[in-house]
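Okay, so subunit A shows up in both of these, paired with subunit B first and subunit C after.
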Partner chain A sequence: MWRWGDRMNELWREIKKHWLIYRLFLKNSLMAQMEYRFNFIGNLAMESGYLLVKLSYVVVVYRSGVSIHGLSPDEILLFIGTFVFLTAVYAGLYMINNFGLRGKIKDGDLDLILTKPVSLQFMATLRQADLTIFSVDALAGAVMVCIAWARLSIPVNLVTVGGYLGFLGISSVVSYCLFLLPQILSFWLMNTSAIAEITDSFWDFNNMPMDIYNRWIQQIGVFILPIFVVTNFPPMFVLKKMPSVYLGWALLLPFLLLGLVRLAWKRGLRNYSSASS
Partner chain B sequence: MPWLKKYLKAFELGFETALEYRFNFMISLISAAYPIIIQSFLWSAIYAASAGSSVYGYTFRQMIAYTFMAGLVARLVRTGFEYEIMDDVKNGKFSKFLVQPMGYFPYRLASFLGQKVPGQGMILGLLGLVLVGLNVFWGMQIEPLRVLAFLVTLVLATVLNFLLFYCFSAISFWIIEVGFLFEGIRIVTVLLSGGIFPLEVFGDRFARAAGLLPFKYTVNYPINVLNGKLTGSEALQGMLLQMIWIGVILLAANLLWRVGGRRYVAVGG
Partner chain C sequence: MVIKVNRLSKSFEYYKKELGLRNSIRNLFYREKLIKEAVREISFEIEEGEMVGFLGPNGAGKTTTLKMLSGILHPTSGQAQVLGFTPWERKKAFKMQFAIVMGQKNQLWWDLPANESLYLNKCIYELDDRQYQETLGELTELLDVKDLLNVQVRRLSLGERMKMELIAALIHRPRLIFLDEPTIGLDILSQMKIREFFRYYNLEKKATVVLTSHYMQDIEGLCKRVIIINEGQLVYDGDLHRVNDAFAHTKLIKLQLAVPVRVDELEAFGRVKSHDAFTVTLEVPRAEVKERSKAILDHLPVSDFNIEDIPVEEGIAQLYRRREVNHALA
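Right, the complex of A and B next:
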């Protein structure tokens, strides 16, 4: 019992330490972005453009006025809002690190962070953040979700809100793992830019609820290449449209993927040769 | 014509650059297919749920055909040289064009067209396959005269899009790091050109307002020439408007570059 408690304390201390460091990363990223203000404005314009494209799908759905595979336009708005919110997490917090990893491995820049007394994977994959993208998409996504929530008269209670937030947490972990895995190939391959571009474009498959696709694509997107888990599960939960198999899979998948990423990372790291060697 | 020789060389260099990065281009084509797939499924679901056979004035087959063509045509006319211009202005590489007997505009145009040729060939091949597929499986009739008119409008659309982005690239004289802004502009122009959804989808008022801008003539209009939504006289009228826009944007580009060029500062040797 004592050992178990001791371990939990140590784990808690580590989490606290990494959270503190992560907050510093965010602060540094914000300061770096604010230094070049036109970059900040340009970034804002770019993300607003992307947001406009996502909103064009909302317009199409509402103007058509039909229920798509049993989903009303308001329900689809909940899906698209969740997608936009999670784009904030993916594009704002992960993407810049994912794309930079290849360069760090190729140029031997990992040397600089190998020696730090913090998890190397944590440092290499979460150090930078694009808070412009994050704030634009998080705000737009949250507004869309709130509008859909109100129009659908979904009750606001611990089960719905807590469940939705819990699934957002699961989605964040799944997207971290899912989009980091192809980048880890950089430990073995010199140029993975093509793979990165293809996998990054995969994100857009979540632009619409997975119900628009046929059954085969849905099953592949949930169980084999679990891209649909990312943005479909939180709204499915609050709309009570989630089969129990999906619920079990959603609880298991983050642990499976985290284990897989960790394993791949450690294997890949063995392949890493530093700049001076 | 010796003055043309240097621009032919720029065309050749652009052509070679495009061939050098052919794998990247093919990969970018794969990622361009994703929105086409997503939209095809979306339209299938909407038409299946809709009571009428026509939505937004398009039948299901016309809409799917539009989706495929828009994805390819938007890729056909796409630019990318604006980032090179930003680099030229930012890093002082623009200076050499001030002293060399070579115009920057014709150099950029020649290089752009050279870079476009291999990709355009490939995309036109794909477009041809799509048209054959639509004809064989859905019996969609494409008249040869429409194909010819489409090719003419496509050339004009490519030039028009080049000029539009040549205008936008002049922002580099005012703002040093403008890459993100270019991307934002590109996305909005794709939307306004009908490169994602037909403009009619957003309502008559929007379609009418978008019709007053030049962007429509880069994607939406060439597709409607090909798919038979426009009559012969409407197609000709559109072609004339394309040419008028080319003239107007050319003048605007000239003015912007003249004013912007005065702001250019090169430091060092």
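Right, the complex of A and C next:
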């Protein structure tokens, strides 16, 4: 009993420590970006412009008043807002690390971080962030979701808001795992840019609600290559369009994927051969 | 015992590609797997507080050994205990007690001042504020970089950057330090400063230091004991100044001549190692030093005369060239 309690305390201490370090990673990434102020402001402007282009799709949907597979323009806005917000998480917090991982493995740059008393996977996959992308997209996504939420008269209570945020959390974990897994192959194959680029392009499957695809594609995208889980589940939950089997799957999937990533990471790490100095 | 290594080996798989596009295409379909034995069954022990030079030519397996001892690489076979841990199990308690510095790799955030990276390491190593400030103050003082803490790493010179890397590596006061060519590319003054620093650090903190370097001054200045490996095998483990004893059956006689003497005349007294008009170095068999010296003094116009051992680095170079394992002096 004591041992269990000690373990829990130790785990809690480690979580707090990693959270503190993660905040420092974010702060350092932001400060490093701000060192090049023209580039920093340019990136903000470019990302805002890119966002405006995305928003033009929403305008088209509203102007034409079309419904897609029974989804009203407001519901589509909720989907798109969720997509934009999660794009912020993926592109701002994960992508730069994912793309850099194969280089680190090939060039032996995991050497020093392997000796640090923190999780290597954490250090290697979350150390850097692009906070210009994150801040612009997250803000815009949040605004879109709030507008759609209000127009759809979705009640603001613990179940809807808590559920939506919970699903955003699940989506963040799922996208972290889904897009990291192909990169882990670099431990064996060294260069996985082709595989990574293919899987990266899957992100755009989330551009529109999965209802636009036929049933088979939907099942594959939910259960086999669960890319649709990422941006479809949070709005489906608040719109009460989520079948109970999806709910169970959503609760199980992050644990399955995290387990798979940990297993692959540990196996891969045994293959790490560093690089000659 | 801080480090205990028993028959440690590491091999890597690789394949060859012959010249040209045709062979690249062939390689797409078939690659013959080859094995490179980087480290072959080496064994040694290192006591607490020792400073040991780990030497060998390029590709000898020094860095691979350090990487196994610091848990970066899994060995192919053999055992090692470092600070009571198996390094490649990468236990947190083990990582909290050692540091590795690699001259060609850095851990500092390039675009930020070093103090941001140092603060990050404070959190990583769970140091309290007082302990952190104390160590930081001491290390920056010793390495004379207090004023550079707020300068972006990318703006520092190579020497300054290495000093900051050392501070980042030592901020948690490790008991064991692996240094892999810490002075590579540095100017003589920076090399001296870093050597002085480690001499002091080892004395004061009783830290165990394992050092690889191609600069003999680093080794001679810091290490009493050296471990030499070549082609993955241990060829010498012992006192630095006894390296020559293993094979040096010769001594050097250095002469200052009053008048120039022809080389063929000098060769009658020993092997001429170097020669210009008035200065000559002869290599003679150790057992015949007395007779040869007498003959030289009797027959040559000698104005100054000196008998010396073969320089340590020459002895080491000879060991690098030797293939057979020699534990004679272990």
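Here is the rule we use: the second predicted complex is superposed on the first by the 270 of 277 C-alpha atoms of A that agree within 3 Å, B and C clash if a C-alpha of one lies under 4 Å from a C-alpha of the other, contacts with A are read in each partner's own complex, and residues count from 1 in each chain.
Criterion: contacts are C-beta pairs under 8 Å (C-beta built on N, C-alpha and C of every residue); 3 or more make two chains touch, one makes a residue touch a chain.
Everything numeric here is computed off the predicted structure, so don't read it as measured data.
When the shared chain is aligned, subunit C comes close enough to touch A:R270, but subunit B does not.
When the shared chain is aligned, subunit B comes close enough to touch A:I68, but subunit C does not.
Contacts of A:V53 after superposition: subunit B is touched, whereas subunit C is not reached. Look at A:I212: by the touch rule set out above, it reaches subunit B but stays clear of subunit C. In the superposition on chain A, A:L26 makes contact with neither subunit B nor subunit C. Using the contact criterion defined above for the overlaid structures, shared-chain residue A:D111 touches subunit C, although it does not reach subunit B.
Of the two partners subunit B and subunit C, it is B that touches the larger number of subunit A residues. On subunit A, the surface touched by subunit B in one complex and the surface touched by subunit C in the other have residues 36 in common. Within the complex formed with subunit A, the subunit C residues making contact are 12, 59, 63, 67, 70-74, 90, 92, 95-96, 98-100, 102, 104-107, 109-112, 116-117, 119-120, 123-126, 152, 180-181. Within the complex formed with subunit B, the residues of subunit A that make contact are 36, 38-39, 41-43, 45-50, 52-53, 56-57, 59-61, 63-64, 66-69, 193-194, 197-198, 200-202, 204-205, 207-208, 211-214. Chain contact summary for the complex, subunit A toward subunit C: residues 17, 20-21, 24, 28, 31-32, 35-36, 108-118, 120, 270, 272-274, 276-277.
Taken in their complex, subunit B has these residues touching subunit A: 23-24, 27-28, 30-31, 34-35, 38, 41-42, 44-46, 49-50, 55-56, 175-181, 183-188, 190-191, 196-197, 201-203.
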